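Following are the structures in question.
Here subunit A shows up in two complexes: once beside subunit B, once beside subunit C.
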Partner chain A sequence: MRKNSDYKNISYVNYEIISMFFTLLACVFISYSPIRIIERCGSASIIGILFISLVTYIIYYIIIKCIFKNEYDMFSVIKKTYPPIIQKIISVCIYLFLLLYSYLLISNLLYNLRASIYSKSTLFSISIFFLVALYLLNKKGFNVIFRIVGYVSIIIVIYIVFLFIMSVTKIDLNNFFPILGNGPKDVFLNNLSNSALFVPLFLFTFFGGKVAKGKKRANYKNFNLIMLIFTILYTLLIFTFIATVPIEIISSRYTLLLDLSSLISLNPQSFKLVPIMIYVFSLIIFISSSFCILCGLYNIQRLNVVKDYSKYVLPSVIIMTILFLIPIPLSIYNIILDVFYILSIGFTFGFPILTLIIYFIKNKGRSKKFMQDKNTPKFIEEVD
Partner chain B sequence: MSKNNYVLENKKNPFFTILKIIVVIIVFIIMIGLENSVNVNNLCFANIIGLDKSENIPSNLLVTFQFITPKLESSNSVSTDETLITSIDANSLDMAAHTTQDYISSNIDFSNADALIISEDLAKDGVQRYISNISSNLRYNTNMYIIICEGKAQDFIETLDKNKDISPLTYFNILENSEEYTGSTKVVNITEFSDLLFTTYAYASTPICKINTNEDSKKEDKEDKKESSSQSSNKSNSESSSNNSSDSSTSSEKSETIDNTNSKNTNTINQKSNINIEVGGTALFKDEKLIGSLTSDETAFHIMLTSRLKSYTTTLDFEKDDANNNQNSSANVSITQTAKASIKVDTKGSKPRIDIKVPLNIIVLDTPAGEYDYLDSNYINNVKNNIKEILDKKMEAYFYKLQKEYNVDLDEFYKYSRKNFLTVNEYNEYNFKEKFKDAKINVKFDINFNDSGLNIEK
Partner chain C sequence: MSSKNNQLVHKNIDDNLNAINIRLFSDLSYDVIIREFKFRYNKKDVKAFLVFFEGMINKDFVNQNILFRANSTFQSNDNIKYESVADFFENFVISNYSLEKSQNFKKIIDKICSNNCAIFIDGYDQCFLCDMAQHEHRAVGTPTFESSVKGTQEAFNEVLNTNTALIRKYVKDSNLIIEQINIGKRASNTCTVMYIKGLTNPKIVKKIKNRISNIDTDIIITTDNLSQFIETNTFSIIPQIMPTEKPDRVASFLMQGRCVILTNNSPIAGVIPSTVVDWFHSGEDGYLRAPFNFILKLIRIAAILTALFLPALYIATVTYHIDILPTNIAMMLAASREAVPIPFVIEVIIMEIAFELLREAEVRVPTKVGPIVSIVGGLILGQLAVEANIICSFTMIIVGFTGICMYALPNYYSSYGLRSIRYILIILSFINGYLALSFGVLLFMVILSDTFSIGTRLLPNFYIDKDRNIIQQIFTEPVWSREKRPYYTKASDKTSQPNISRRWLFNEKK
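Up next, the complex of A and B:
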């Protein structure tokens, strides 16, 4: 019987995987991330975002090439690098990290909603609708999420472009000066800490080169497209922010996209963008967070902590529910965000690089053998 | 195939089934009481909010609301004619709204509020704490206009409400038109205003509104006494405006065409219709406090420099006219700005130098000359030169007021100066804000005279 949780049954076409990872990355639009970048770089935020995108692109291009040229996915690399006990510890760490990530994704949106609309509700009472839907979607597995996201990802692109078009009349190019913002040190060096927003790229290494219906394409080509689309849209968004709102105000705000959406409207009586923003980003964050939880579960299955991850969907959702039941004041929430930023850089950049270095030291010359032996079917591996 | 895709191998655990049922029950319990039906007769929309200083307790506010209470009529249509005005003494706007809710006995909705009117006295003490609350709270309409009232905001709202010719729903939207067609006001919504208020280098500004009580009867009395000073009577309430007072009345009257027409017709019969409201001019803020005001005429120059003046009709007084030997003569002109003003700020020297070029299109509507003088090219050139001179002088006076009297960089020249610096630190070291009052400003009008009909030959 075909099991939903078997990694060989995960199927997607190129369009779907690009949509999925673009959607995951697009969650930062509503988060605190744009404000962090603008706080660091000032009026040079566009240079800042282009710079960290470029740096991330170069690093991840190398990581992805190293992983997919030699092995099926990240887990195969981990398996051949670390002893079993460390593998299990790593997988649990990754699982907890992804749980935290999806908690932050949802709570970010909920804090936004509570600050604006549901001011009388508690965080838990809004989150319960999310969590139930999260559970139901996660039960269906990866394939359903890939199908859905193929349809919805285009909404973000439309929304951001729409936001840009509507703000065209309010754009003031003088806001982009001084051209180097807070100085080259802040824009190029300190700004590197903001590359934590690329956490989803770590999940990209979980999915091997298996593509449905024979439409196979090298993974790094998908990766190029993901980075290109994301960088263009994020730059467009930051451009719209800075061109319409003075920089000094941005740094004091918390719900930036909400502010921008409420600022940009055709006239007081007509169309308002806030409700649309809430619909679009609720859907996107809902899909992204369920994908993250599934990835965390998939990871503990692949590294042999559990045999079938689908049984652990409910416990994960229950852990999330408990997290939402704990009332967290905003000051502590900001500390959690800071800790998360440091953790993300570790997981996104530090961990794969370290693993790959140990892998190459351990299996010196292995990749050559792998390439030469053309008769062996690719990527056959027993999951024990 | 599709079913096989997500079938689980193991038998279902009863623990999970029970948990699922519990979750479903919890969701149903949460959903109880989510029905949301609205009775139209219970609705109440706040349309205008007025803030005054309280007369009883100095730290308190006198908050005035104009409510619109929609009523369901027999033909299933909803009428919004009924308005209600209440004034409450409270220490904040939220407290006032809370107290009002108690005896209005319906939920007040602020999401459609049109305008926030703050009295002059209150604005002089600082407005930041009222504005930051409203602009960051989505309960209020973040696009509502903000206006400073000469006199009490309560009186203004009551006068506006009494005037049956003005629809309270649309009155403030007319202001946007007045910016476009008269240049006497620059409308600002509360989000833009709070943005300017919290920006270090920027200065906020709002339109000014006031009540002209018994304007026409006063006019008549004064006309009897002094024939020459008829123009200045319109500006009885304003403090400043030495040379430009005559122009402001013409431009600001246009924005209030609705009530003006009625009052002129029936001024002797009905005492109420003499009460006249007016919006025109600009209030200037520095460090969240009201420090002064610009006249309607000066506001046109402000619009000229920051955005685009679409249409502005004014009377320009010539000091001496050679052609007719009249002591005081004037020309009525219609000014249109053809493109945005090009502004360059040079920060090389110790004092900044600002070069401004304003392209204008001017139509001379009429001059005091006789019919035959229009064919005299010398006379026409004279008129053109006079107009140029007067515009230059007015602009000079405008900058004198901003630089020397108030030291306010209202036209946001600091933005243009940032182009000369690489980093924020360099820019902060230069301290443009301090140096603005010594800046040398050169304004060049690029005037293109257009003929209106046969008035001026080509």
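Up next, the complex of A and C:
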């Protein structure tokens, strides 16, 4: 039987990696991120999101180009850049960061749900499903996650487009004025801190090389598509928010998507969208959080901290369980979020840029282009 | 036992007769027929005997082609010269197309048990084995669980040779390989693995053959038994080998690059690999025109989704999220529930179990009583339960509608798995509403994507490229545009026809 944790057994197609990263990025729809952007940019939020997307796209395109032109993935870069002990420290830091990211992904949705539907439940009681899903998906490995996400990502797109169509009758164009919102400084400069929402792109550097094998440009094409689809849908969502709810009210809300879903319906007598929202977003959080932890575990395996990550699935889930058992007041939770934003920028942009600079200095003149094996099939057909 | 069976045939006929009597327990088994006879060769009488099981071989054939011809040797065969008595018997007496020789008693006994007649001759240390099979069996009938209005109406019966001949009738291709593997330590049964050389993925064929030839068991009775022995995930609630009873479907599956297993005594063939996409296809899809096919597929998808999720959605909505319902519906629901003493979830589970019982009862009872069971169970009990305020009328509608949707599934066997999943979803939605339901859906998808049907996962890739995606596979295109074989079969030859299969489009004058 195939071993799930074996690096060589991980197989996915271009569509699946696009779906996976789009799903990971789409988790911000339910998080505090849209509110942060709207708070910062006001009525110019659409310009704000387009701007940070463009900046991130340019920076990450360069990062990805630098990595995949020379190496197989980020791990190869780290291995050739740092001494073994530093590699291990870095891998543990990445693992802890991803654990925190996973925790925040789940808790974001749980706080949303507790504030609205499950008001009588404790955070832990509703987190049980997420913890079981974490364990299950991590045990089954990447292949299962990639296979499932191909089906799930479509639902998010349909949901957002549906939300937009349903809100068309409630659009108030006055909400988009003044065009530059809170001013150019807020929209273009201070808003850059919101680029932390692109954390999942850091994980793209872990996997891109495997798809690129056999077809050099597929990797960049995938990245372009991920950014394009995400930017369009996020812009659409922000447009729906601003067009239907006055900005003053948005700033005071926490469960924005939930409120919007309960607000929008064809007529007062028709069904509400809330259950669909819970259904869609819990499904994507199940998958995204599991993928993040799996990436963390995969990272410690690739950087030689452990030999086989599958043994560390249960301890990781236990750590998550402990995190959910600790009652955290909303005020402290918001501080954690702020800290996470700073950490995210560090991990998403700072760390890869720094590593690549050291890599190029260290391997100056020695770097060889990553050999592309043209005979290797793009899609690995598994016979099990 | 094994040492006894490994003994070789003696030259002395009495020793052989004794050995056969011991091995076949002829004093205990009434259907063992041992007939001693003589024939003349080279002016000498030669003793011989034949042995077979009554009812398994063609008696007329034995009488006419062995015993009668043996007697005829007493008239005049002096001019006929052969090297030996065995040679004479083989070439002059027996006139059967299938003739084997064996020295090994184990093989001889196995052959006698498999419809062969064994003939021993005095002074010759080998035994002649003639295949003279003639069973009592069903004729080729109409399908029972894959009945269709359009298309062929033939179904397999219990005789392997008839079934393979039926398949050969559709697939007139010399590349169609039907490999035979015997399984069973005590009672050997013949199993066949069918595939098209140069089309079916050799890795899959190799894997199937390896699994079948490494089964060590006393007996394999049917294809279903065999399927359970070779499937990868035994405890998965979803079947991994798709059963079919129609030779035309088997032919089309073979042409898609799949492998088919078939055992003697079984009217069902197993198709490998199979995926969830096959749940949406019925036997008559290939014969329907594309627009009707498209509508039918939409209906089936809706039926599967409804059958799976409707009861769970109902429970989740009324238990946790009643506020999402429009006010008038919520009021109606409340009014119908006013006098019902039991919770929603118990109501639904009771009714679902009642429905399952009704289904089971209707399968078991004699045909003429079946409709009565349906009327009593479906109408009277349901109606009375609502009137007596035991069950809410909404629940009745939900359960009834779900049941109908479950019957709309073309593949009867896959509905077993879906029914089990439905109960899990109902319980989960009761525990925590839509959140738990979402978890249930994830669980279902994990089961599907982690279950292997030798060669592929049950859940195929959603999209690989424009020719390999699940939408295209579910919604069958017009016959002329089905250029590619299903990607999940991993066939060696991926194209079934050129891009322009209707060349007449270019020949016809406009």
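By our rule, the second predicted complex is superposed on the first by the 356 of 384 C-alpha atoms of A that agree within 3 Å, B and C clash if a C-alpha of one lies under 4 Å from a C-alpha of the other, contacts with A are read in each partner's own complex, and residues count from 1 in each chain.
Operating definition for what follows: a residue touches a chain if its C-beta (ideal position, glycine included) is under 8 Å from a C-beta of that chain, and two chains touch if they have at least 3 such contacts.
None of these values were measured; they are calculated from a predicted model.
When the two structures are aligned on the shared chain, A:Asn363 is found in touch with neither subunit B nor subunit C. Contact with subunit C, but none with subunit B, is seen for A:Ile126 once the two complexes are overlaid on the shared chain. When the two complexes are overlaid on their common chain A, residue A:Gly181 makes contact with subunit B while staying clear of subunit C.
Legend: residue contacts after superposition of the two complexes on their common chain; A:Asn224 is shown touching neither subunit B nor subunit C.
Once the two complexes are laid over each other on the shared chain, residue contacts for A:Tyr15 go to subunit C alone; subunit B is not touched. After overlaying the two complexes on the shared chain, residue contacts for A:Thr235 are found with neither subunit B nor subunit C.
Shared-chain residue A:Asn304: touches no atom of subunit B or subunit C.
Using the contact criterion defined above for the overlaid structures, shared-chain residue A:Val274 touches subunit B and also reaches subunit C. Once the two complexes are overlaid on the shared chain, A:Lys140 sits against subunit B and subunit C alike. With the contact threshold set out at the top, residues 117, 129, 132, 140, 143-144, 262, 268-269, 274 of subunit A are in contact with subunit B in one structure and with subunit C in the other. Taken together, the subunit B residues at the contact with subunit A in this complex read 4-10, 13, 16, 19-20, 23, 26-27, 30, 114, 138-139, 141-144, 173, 176, 189, 191, 195, 198-200, 202, 412, 415-416, 418-419, 421-427.
The touching residues of subunit C, counted against subunit A in their complex, run 201, 203-204, 207, 232, 316-317, 320-321, 323-328, 432-439, 441-443, 445-446, 449-450, 452, 454-457, 459, 461-464, 490. Against subunit B, the residues of subunit A that register as touching in their complex are 1-4, 9, 42-43, 116-117, 119, 125, 128-129, 132, 135, 139-141, 143-144, 172, 174-175, 177-184, 245-246, 248-249, 252, 258, 262-263, 265, 267-269, 274, 308, 310-311, 314, 318. By the touch rule above, subunit A contacts subunit C in their complex via residues 13, 15-16, 19, 113, 117-118, 126, 129, 132-133, 136-137, 140, 143-144, 147-148, 150-152, 154, 262, 268-272, 274-275, 278-279, 282-283, 286-287, 379, 381-384.
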